[in-house]
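Labels A, B and C are assigned to the chains in the order they are written; within every chain, residues are numbered from 1.
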Amino acid sequence: MKIVVCIKQVPATTADKRYEADLTLDRASVDTVINPLDEYAIEQALRLADAGKADQVVYLSMGPEQAAEALRRALAMGGDEAYLVTDAALSGADEWSTARVLASALDKLAPDVALMGMASDDARGSLVPGAVAAMRNVPLLSYGAELRLEDGVARIRRLNASGHDIIEAPMPLVASVTDQVGEPRYASLKGIMAAKRKPLETWGLSDIGLSADDLRPLTTVDSAEPPEAKPPTERVENVAPEEAATRIADWLAARKLI
Amino acid sequence: MTYRLTSEQDELRAVVRELADERIAPRAAEIDAKSEFPWDLKELLAKQDLLGTCFEEQYGGTNLDGVSQAILVEEIARADATTSLIPIVQKLGSLPISIAGTDEQKQRYFPRLASGEWLIAFALTEAAAGSDVAANRMKAHKHGDDYVLNGSKRFITHGSIANVVIAFALTDPDAGGRKGMSGFIVETDTPGFESPRIEHKMGIRGSPTAELNFDDVRVPAANRLGEEGDGFKIAMATLDVSRLGVAAQAVGIAQGALDAAVQYAADRTQFGQRVIDFEVIQFMLADMASQTEAARQLVYAAAARADDNVPDLPYWTSAAKLIAGDTAMKVTTDAVQVLGGYGYITEYPVERMMRDAKITQLYEGTQQIQRLLVARQLLARSGVPARP
Amino acid sequence: MTNDIFFLAEFVEGQPQRSALELAAGATRLAAQSGGQAVALAYGAGAAAGAAGLGAHGVDRVVVLGDENRPAITFAPAAAASVGDGLIFLAPATPNGRDIAAALVGKLNVPAFGPVNEINLDGTTLHAKQATLQGSVVTVSQPVDGAATPAVVLVLANTFTPAEGGSGSAEVSEAASVDDDPLARAKVVESHTEEQSAVNLEEATVIVAGGRGVGGPDGFETLGELARALGGAVGASRAAADAGWVPYQLQIGQTGKVVKPSLYLGCGISGAIQHRVGMQTAENVVAINKDPDAPIGEFADLFVVGDLFAIVPRLTDEIKRRKGA
């Protein structure tokens, strides 16, 4: 049983962001982390490996060369090997081209389960898992609060409005998991030391049978601006609770919200 | 030595800082308020292999260099001084075995210490013999294949929670502490061992500082460290290295207070501007930062020399502990000043850091003892004989 | 290429979800601009029976993808086969909507946008406005020249307002059958009902949300009373959901629901970025927090520093009094 966890290196939440002239993020300018939601996918994969349900945990990322750091960090948490797809043509990749690249790399890695986080921290379409599944022509199990592998099928527990469903599909497949799977482990010191010796291979587009022409982005950004400045916050401080309640009610009434 | 940290050392700092920020710092105030040993954090450090950095790989350790071990302690102490004592004391207690222990002793104890399954303590100080180690009174009588230990120890960090204690006792009372003392590895479930009392302290309140009683405690001769009479020498050689742990702790406490002061000064507005925009505050913060950095570099310089076991090691480690301890005290005191009234209340961490800092001027040799040790090295360097 | 505007219409127990009605309003508006039809792709239990009713919301045509209660992704092959060469495909920015939208992107190699809170058409060129990078930047994007259609657009709740009181009837057809597709192989094998949350948060126009400062389930009772007085729903931060004070279904934020109510009233919520990304497009944000330095104070419209346990009950009474008057 082989799980490939797809991870993405993203700017740290606390980092200041800077944009290039072409309105793409200057990723070299900021501190980076493993997309926090991908860490849950890593944790889920490692828990399955710990429980003997997976023999091999492999990481796959697409990004600039420094995304190898994210893969090393993942390897420090556990797992066996990692692959980075990097190519100048991938700068500014949209969700479609990201999915295309991952799908092609996954064709080569041929996992039983391609596991992903439920969303990326920096762009919130959450379309990559489903798009990859469609491109690879395999089932999708999405938004799992837990992934189980048993009896040759994969099952997820997925929350809905009134409880949860157990949804299953035959492997190979693509699955995505939420932060309900459990807190990601910290890399141990021995894990960090061992990670330096684990295989980490870098692939160019040609290694996965693609060319820059296959990946022409389908979307283009017209403009990127800071959010419209809101009017300054109105503060109510040092007043009695009755006064505070009245002030809120007045404020709501003035905006016809009550 | 290389004068820049390696990428591995930078990475270690980043990893420990993340762990400390996320898991240790949020517990610090509670640990202090309740005076409770943080068992959860001990487990966490053990799980992350951070209690085994001073042990060789064959015992399950990671055998990090001295600078890396200093970075580890520093980053934990930046969040919580109490928790930083867990690796500090694990090393302090293990050093006598590293220095004078047999392979059998190492094989018996190091794996359990490296994994964090067991805690160890170093029991040298007695009520009437603090800085004056040679005045120790606890005795060990040879009795067949065993030694029988009688006496008591005081101010023993982790003494009440350790699974094993390194205890120093007189095997030859007539020869006195310097020549007649021996070191023993005592497992604390041995009958006759007890820790009747825990001190109430100003700082590092979550770290139990215990009084230990030895009432006819039988220890196999195989648990003696080195030869009879080697005790004083082993203890001093231990402290020459272990005080680096305290020095790194002091740097970490200072850095924690500095960071808190900068954060506060940036957030707080007075007289229509941020506190940090007042030059008088900038000058204070600049001094605090410069002093902390100076102390840190001296600690690293000493740590690198400890790895090389240089002949004048006490010169380096005592100077490092002296400077780092005094810096921690000054920087934490100044941090309280930067925060003003808020610095004096428990809602902010700096008053705790100031209380914690004080111990670094006291334990593992007071600052006065460090000066004596540095001066002794100075005299030796200059060829001036010690006072007859 | 036709200029039709397709949208996903999810049905639960015979009823179109509010998202379906919102997207119907959006699709109708966009279709009027593009000169095409507004076409619903209806799925879920009761979709066939309820399909024609979408005509009352201005929808021209309804294609029924399937009438059963099964995982949303399994309707994706039929959806992909039904959108033809439409101009735009709108999907709600919900897990189900994203799953189907994603499959379309992968199957048809079409551009994807969103989640957006504003869509404009310039002739037949789409301009999609969205906040990315955790709200630190607002971008407007469009398909590249020559990109395949339809452009897939995820739409945040409350971006469009459902049209009321229409009387039209839509032409209903069944989706052409699709050969066995691996995406259709996911199936629900067990279903567990745990909590009944009366209001779907993503559709609520008023949300009273509580965080760590609410202190426990009792505190949420107090918030619930305020929510009822305001005609809204209760939401929560991850801290409150993790603590088990409310079910995860009420969690707002990066890993919970993304909401866009006209009023968001946050009580005892610090406003960490992970929560903020779930509610930053709310039209009016009121926060009550005892910590004057809480981050939420920096982006709320009205920030009240004080004890929520003292203020909220009084606010509830005050609102009941004014509504009764």
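Keep this in mind: contacts are C-beta pairs under 8 Å (C-beta built on N, C-alpha and C of every residue); 3 or more make two chains touch, one makes a residue touch a chain.
Predicted, not measured: the structure shown is a model, and the values here were computed from it.
Asker: Which chain's C-alpha centroid is most distant from that of chain C?
Answerer: B
Asker: Taking each chain's centre as the average of its Cα atoms, which is closest to the average over all protein Cα atoms shown?
Answerer: Measuring from the global C-alpha mean, the nearest chain centre belongs to A.
Asker: Using Cα averages as centroids, what's the distance between chain A and chain B in whole Å?
Answerer: Those two chain centres are 42 Å apart.
Asker: Using Cα averages as centroids, what's the distance between chain B and chain C in whole Å?
Answerer: 56
Asker: Report the inter-centroid distance (CA atoms only) between chain A and chain C in whole Å.
Answerer: From the centre of chain A to the centre of chain C is 21 Å.
Asker: Show me the residue ranges of chain B that touch chain A in the complex, using the header's touch definition.
Answerer: 11-12, 15, 18-19, 23, 47-50, 52-53, 62
Asker: Spell out the part of chain A that touches chain C in their complex, as residue ranges.
Answerer: Within the complex, chain A contacts chain C at residues 11, 13, 17, 19, 23, 25, 37, 94-96, 99-100, 103, 118-119, 121-135, 137-143, 145, 155, 159-170, 173, 178-180, 216-228, 230-231, 233-239, 241-242, 244-249, 251-253, 255, 257-258.
Asker: Tell me, which parts of chain A touch chain B in their complex?
Answerer: 186-193
Asker: Which chain C residues qualify as touching chain A in the complex?
Answerer: On the chain C side, the touching residues are 71, 73, 76, 80, 95, 98-107, 109-115, 127, 131-144, 147-148, 152, 154, 181-183, 185-197, 200, 206, 230, 238, 248-249, 254-255, 258, 262-263, 273-274, 277, 284, 286, 288, 292, 297-307, 310-311, 314-315, 317-319, 322-323.
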